[in-house]
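One structure is given here, and the rest of the page talks about it.
Naming follows writing order (A, B, C and D), and every chain is counted from residue 1.
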Amino acid sequence: MSKTMTRLTSEDMKALIGAMQAAIAENAERLTALDQAIGDGDHGINMKRGFDAIAADADAICDKPTPQALSAAGMKLVMSVGGASGPLFGTLFMTLGKSLPEDFECGAFADAFAKAVDAVAARGKSSAGQKTMLDVLYPVSDALAAGKSVGEVAAVAAEAAEATVPMEAKRGRASFLGERSIGHMDPGSCSCSLLVNTIAAWISAKEHAA
Amino acid sequence: MSKTMTRLTSEDMKALIGAMQAAIAENAERLTALDQAIGDGDHGINMKRGFDAIAADADAICDKPTPQALSAAGMKLVMSVGGASGPLFGTLFMTLGKSLPEDFECGAFADAFAKAVDAVAARGKSSAGQKTMLDVLYPVSDALAAGKSVGEVAAVAAEAAEATVPMEAKRGRASFLGERSIGHMDPGSCSCSLLVNTIAAWISAKEHAA
Amino acid sequence: MDKRKGTCGMNVGIVIVSHSPLVAEGTAQMVRQMVGEEVRLAWCGGDPDGGLGTSVQAIIDAMESVWSDAGVAVLVDLGGAESNSEMAMEVIGEPRSARIRICNAPIVEGAVMAATEAAGGSSLATVVATAEELSPL
Amino acid sequence: MDKRKGTCGMNVGIVIVSHSPLVAEGTAQMVRQMVGEEVRLAWCGGDPDGGLGTSVQAIIDAMESVWSDAGVAVLVDLGGAESNSEMAMEVIGEPRSARIRICNAPIVEGAVMAATEAAGGSSLATVVATAEELSPL
């Protein structure tokens, strides 16, 4: 992300939504398989329903200024996902929308993201180290706050998702498995990493093109 | 009940079963209404299903000696009633069957009845004063042990059922109502009184005829 | 107060939110058997496509359908049902959301207990506490 | 061990006994979603005429259908379901009844927890204890 002021255009938002929807759709089976191992096997289905719902309403969502567009996208997730991940990803996007000014630079984005991750933790009554999406979101938030490059942030997300493999789940359905949750990647963490990497790739491509 | 040795004939058993079935059928609506006030409104339906099942198999049941016939009747209740009262009345009859010799006099019957009531209490994890059928069964058991007449025993049962009205339920669904269970007769106690009075009337009639 | 339903408009309403529509409907039948029409009762189950999960819109609709000033006690099963019910409360918003409480109680047993308590005209706090006597340690 | 069902014959079986056939079936679906075919699972609900209640014969059939030497954990809802399940155990009799345990746990939440524990190959005692962590105070 550039250090200069940014304002996402309606076209940018549409492109980002399309990229996220495609990434989730392509990986839905993998996400579901991860959830089959340590959950109820619906995470890919849930995420796909959520991002399909956002994409179906992309025109209306992207007509709004970036903060409101993010909030609207979050509300779509809340209303469509149907699983525990819905309110969590929904809260992430909605809080980002609430916290982000219309024009923002890296620092403001990092601040807003940190607030959004805290809101997810509050919503989930969860914290770092419990083998949830927070175990990707917190490292990403730290990387953003440290002013890391887009590529570095993406790498942090991927590593953090991998790092959930040896963890024992303490929240969500995977916690029912106790020690047997060890040895599998957390599905929600995989989704987070996927979304961060998708956004990062889009930003990189855009910066290259510019 | 006479002080002399008694053996119920197959015809006696059939007559008793018919009398009990008729009494339950005639009072099913009242029993259900009592259960509507402080339970789930099915006690009459449950008891009727149970005694109809016994009556439907009365020939086979009454071919057996009295103890086995009582056990078989109890098992019918267990398998057909469908509510909490099934295992309780079933246990009463089954334990009576197990404890009663083929020829018995009053004292032996009182002993067997006392054992049967204790078995009901064990089955229900309940005790006297909790606004359940035990609040009729214990007084009846005491009256039998004291050698009271058939008419006296019947009166004790009716009074004991009335005495459940001011009690607060501590077992069964009525206990969910807490203090609001006060002021209504316990349905299972009403059934017990009804059955005791039915049997007493049958014995009296038989003694008169003899 | 809703005159259509007699006095039940004065009682706390009950909402049952399960991942399974069958569990939700069956629980509602068990509740009805205990309390008849004395309590406003609504249930929902299933994700927005009808699979196992919960739908925030369905939860909002259920909460609104039993709404009265006496408040609403919500019974949920697993995690997603709870967080989606919390989201539904936020969408409904103040001041009504302050009179909606999610019980930390088992869904079936808690619903029967809560509804029985509500049928007696108890306050929302009492209804919730009664359900929660049955709750996980 | 039942070879037809892969390794699940070695796992503790789960029986769900509700007053409501809908609750029983819906709970079974939620359990299946968590544990797939790794656990033998049976459910029953409804009195012998199909009304709300339980049937001792149906409970016996359910217990026998999931029977293995690893044992059976039974989840029940209200009082009648518990005492009818106890009767079913007595009818099945020793020695098998000694390996059947009724969990003092909420039916839906307990079934999901118990089955998830059973899927990991835990003993009957562990499966029951896991379900009962969720039990009434």
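One rule holds for everything that comes next: a residue touches a chain if its C-beta (ideal position, glycine included) is under 8 Å from a C-beta of that chain, and two chains touch if they have at least 3 such contacts.
The UniProt protein names, listed by chain, are A, B = Dihydroxyacetone kinase subunit L; C, D = phosphoenolpyruvate--glycerone phosphotransferase.
Remember, it's a predicted structure, so these values are computed and weren't measured experimentally.
Colleague: B-D versus A-D: which has more C-beta pairs touching?
Modeller: Of the two interfaces, A-D and B-D, more C-beta pairs touch across B-D.
Colleague: Any idea how many Å lie between the Cα centroids of chain C and chain D?
Modeller: Spacing between the chain centres: roughly 27 Å.
Colleague: At what distance in angstrom does the C-alpha mean of chain D lie from that of chain A?
Modeller: Computed value for the inter-centroid distance: 39 Å.
Colleague: What whole-Å value do you get for the distance between chain A and chain C if each is reduced to the mean of its CA atoms?
Modeller: 31
Colleague: Specify, in ascending order, the residues of chain D that touch 2 or more different other chains.
Modeller: 30, 33, 52, 78, 112
Colleague: Hey, what residues on chain B touch two or more of the other chains?
Modeller: If we look for residues of chain B contacting two or more partner chains, we find 40, 42, 173.
Colleague: So which chains actually touch one another? I want all the pairs, not just one.
Modeller: Between chains, contact exists in these pairs: A-C, A-D, B-C, B-D, C-D.
Colleague: Can you check the complex and tell me which residues of chain D touch chain C?
Modeller: Its residues touching chain C are 18-27, 29-30, 33, 45, 52, 77-78, 106-110, 112, 133-137.
Colleague: Which residues of chain D touch chain A in the complex?
Modeller: 30, 33-34, 36, 112-113, 116-117, 120
Colleague: For a test of understanding, state which residues of chain B touch chain C in their complex under the given definition.
Modeller: Touching chain C from chain B are residues 36, 39-42, 173, 176-178, 180.
Colleague: Report the residues of chain D in contact with chain B in the complex, numbered from low to high.
Modeller: Residues 47-49, 51-57, 78-80, 83-84, 86-87, 91 of chain D touch chain B in their complex.
Colleague: Can you name the residues of chain A that touch chain C in the complex?
Modeller: 40, 42, 45-46, 49, 78-84, 86-88, 90, 123-124, 171-173
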